[in-house]
Amino acid sequence: MAYLPYTEEDRQTMLALLGIPSVDALFEDIPQAARLDRPLNLPPALAEMELQSHLAALAGKNRSTVDMPSFLGAGYYDRYVPAAVGALASRGEFATAYTPYQPELSQGTLAAIFEFQTMIAGLTGTAAAQASMYDGASAVGEAALLALAHTRRPRVVVARGVHPDSRAVAKTYVTARGGKLTVVDELADLEQALGEDVAAVIWQYPDMLGGVNGMIGAVERAHHAGALAVVAADPVALALLTPPGAVGADVVVGEGQPLGNRLGYGGPTLGFFAVTTPLIRKLPGRLVGETVDGQGRRGFVLTLQAREQHIRREKATSNICSNHSLNALQATIYLALLGPRGLQQVASRSAATAHYLAERLEAVGLVRVPAGVPFLYEFAVRVPGSVADLNRHLLQAGIIGGFELGRWEPAWDGLWQLAVSERRTRAECDRLVEEVRQWMSR
Amino acid sequence: MNIPEDLQYTREHEWLGKDGRIGITDYAQEALGDVVYVELPEVGRVLKPGDIFGVVESVKSASDLYSPTGGTVIRVNPALADHPELVNQDPYGSGWIMELAEPAGGDLMDAAAYRRQVGA
Amino acid sequence: MDVPLIFERSRAGRRGVVLPPPENGWVNPEAWLPPELVRTAPLGLPEVSEQDVVRHYTQLSTLNYGVDTGFYPLGSCTMKYNPKVNDWAAGLAGFADLHPLQPEETVQGVLTLLAELEGGLAEIAGMDAVTLQPAAGAHGELTGILMIKAYLAARGDPRTTVLVPDSAHGTNPATATMAGFQVREVPSNARGGVDVGALRHALGPDTAALMLTNPNTLGLFEEDILEIADLVHAAGGLLYYDGANANAILGRVRPGDMGFDVVHLNLHKTFSTPHGGGGPGSGPVGVKAPLAPFLPGPRLVKQNGGWGWNYRLPQSIGKVRSYYGNVGVLVRAYAYLRAQGAAGLREVADMAVLNANYLLARLGPQYQTAIARRPVKHEFVISAVPQKHRGARALDIAKRLIDYGYYPPTVYFPLVVEEAMMVEPTETESKETLDRFADAMLAIDREIDASPELLAEAPHGTVVSRMDEARAARQPRLVWETSPRPGEARGNQGGH
């Protein structure tokens, strides 16, 4: 049997100490009628050698972003991950530890999370960040819950430019609590959607069409209505963009995958969650704080635990128990390796290539939507014809094309979202444009 | 255990002074351990007897605070924001929590009855 | 500890990674952005070399204790061995470098894996359909309770109350509240199970569900489970299974056969995926057929000879996270399932339970469970009340175990046991390890009288000793600052 260390002699010695003939005696309190009287219907066990072949074959049936250039984004980016990130984060002392409840045996995880919290607070321009969430979408959902509890108001207004998965999770969470969610299309519509019942305005930065222009106005209008301003931000973009905290956003959340985490078909990644000082005690999830031990030595502990479910039980704002510690560790190591200049260069290199691609696509007749709005490394264009058909054409040419936004929103029918990471080259962009041109002239 | 004679008490271990001041008892602070945070009510809020007006947190617990009586919150203890440990050090003095104007009503007991409740 | 933080190793101008310049040279952000959107605030990141980073995080890792380091009998957490082949599989480019929005024809391998895992978990839990989306146990609970809410609403019978036993994990009541329910606690009986009389009294037309862990947090099997299920169903409610303790029942009994309607499983416990210092985990949820229409989307479906995602789910509770789940964790759990097979999984439960009972017996009269002797399942809860009377609390014993080289058991949970110490050895620990641990526990018991200061001051020789947690909570310092208080400097930097 795999991973079991017993000899027959061990088993007999153990049974003898308990004075029972077989392990069955330990299961006699299970009612007869409920017991499983047959083997589970599962495929036969594989030895590790067979297992490796089987898994490698399954993996081989997929075509990855290593095999083909990808222009997909929407929160998850095909970014370069330095080799040291995986080498360090996969150390067993990090990977096989539990939640750091015993600080004396957990200073490694605790110090790394403290560094993570500091880096996220710095990037977002806020006072403090917590130890990480499941992903960006659930961080948006939790931000909505924080706002309902903090303001005691029942409605959340969310921009259509927020990732549809984030909006959907916010809707699930808010309606479960008896609240309501309203979607607005653009900044101009915000005024009308706001009122004394609004707990929060949620804005994305950059938004789903790549635009960065609405955030500051959204924060101002939210505050004018007495609501919290929640901004879902791309952490790499914040290397170049004014941080939301600097213009007064109360809560800054986001998807942390771009920070040293591989795409992994969507998970596990991490969400980040940062707030201004007045909201620190409202943060959901785990938090690490600095303190001293009995001899006055600096150390780190999980703190403000009285907010959490294991103490507040039914009075807790959130039921969140775990964080994505290992993914947050990868993000921390990544940010340490890159440093301020490295992260700016990741964003800047991506943006330079993206602007090159946008110009080339416009030259072959694809119009950027919305026109003239500033963007960094993700943008949308209108495709004359079927986006799905265009993507099929590209796939045959060995390119993973952009995302067909109409699949998510009728309002985005015919729009093609393209993301350009620092791994994309001009040659790959040229190849994409050439294939688009051929497809259009068919 | 310190149970001053001139105060009135609730089953939930709050005390009420003649001046409308309210706090938690010596017994309560002892049971909670190191108090790390007190969530205070808003000044101006109108409370009925038994309303939850705040939360007192220790490192590993959180307990709701119940108003011993009815009235309007006219003052909260500003020192608790930076020094929640005052609730441990001086629960009937500098560790007071809030003050109500015109306190009225509530199911209150005297020091002797409270002493019996906590078995002191 | 005298280990500097990464920020304290920073020297202006040092670099860990250098990027190639763009093909047309570096461009200032002003070229793309209006002035008010160009960042002026510093990023607050350290400037260190690659070797600085490698040494720093290697050093931090040595301050940690994991399952790879040694015995980790942390009750309710199932800290079993995490097989390395699972990590190898999850790191294959064919799984790890897939974008979630890739065309379905390019990801048939991973979709096949996910579909087979859904099927395997459904069989193990005795359920009809499974979602792999929830990112953790608590997230699975929320998903499950929201499905119950949607199912009852669709039945035209909305209900308001969720029942939880007083011994439940804190996530159960918190989940019910988050899903918009009132919570009502059900007391335990003298044998550590649900008090059926009290349950009968608590059930009513407002009861939406009873949430139950079985075996429960005392490590005891609910002997009355069939009667409990009948009572809940007769009252019109549903039965929710918290799978935190499923390691004890694999292949022996299935939640579905006990009468449960909804089940979540913790892959990071039962299915050997690493805990990662607090996550990522994974909390798939299985349901009986009547609840399947309410599962979160998208759902895997077989179409045109391959697997694909179905988003058209009119009765679904909606989404609980982005995309499809913690796939990297799911790959590991799948590898574990395939390495074990049916016989292997049953052996896992058998040996987890044998280990727990053997260890409890080895602890002798010195350490007793709170409930009169009953066979436990995969874990047990001892009450250190006798030790407390002699001057040592559960926490002191736990800290002293660190000196003996062990990660301590869970202490002060469940709340219904005074001075609780919750011990879960798991099936992957050998008899020698259990014997050595039992010897350490007995030695510590003798130290309580012989040299009490050893317990009071424990642990000795760790990088830090017991921490001042009150100070951490009274004046929270949550970010590294050269100035003394968090918030102020950081806020100013942002330009308020």
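Per-chain numbering from 1; labels A, B and C assigned in written order.
Here is the rule we use: contacts are C-beta pairs under 8 Å (C-beta built on N, C-alpha and C of every residue); 3 or more make two chains touch, one makes a residue touch a chain.
From a predicted model like this one, the values you see are computed outputs, not experimental measurements.
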Chain whose average C-alpha position is farthest from chain A's own: B
Top chain pair, ranked by number of contacting C-beta pairs: A-C
Rounded Å distance between chain A and chain B, as computed from the means of their C-alpha atoms: 43
Approximate Å spacing (C-alpha centroids) for the pair chain A, chain C: 19
Between chain C and chain B, distance of the C-alpha-averaged centres to the nearest whole Å: 37
Set of chain A residues in contact with two or more other chains: 304-306, 311-312, 315
Per-residue multi-chain contacts in chain B, two or more chains: 36-37, 57-60
Residue list for chain C, restricted to those that touch at least two other chains: 469, 473
Chain A - residues contacting chain B, complex: 281, 304-307, 311-312, 315
Chain B to chain A touching residues, read off their complex: 36-37, 39, 57-62, 64
Contacting residues of chain C [partner chain B, same complex]: 412, 469-470, 473-474
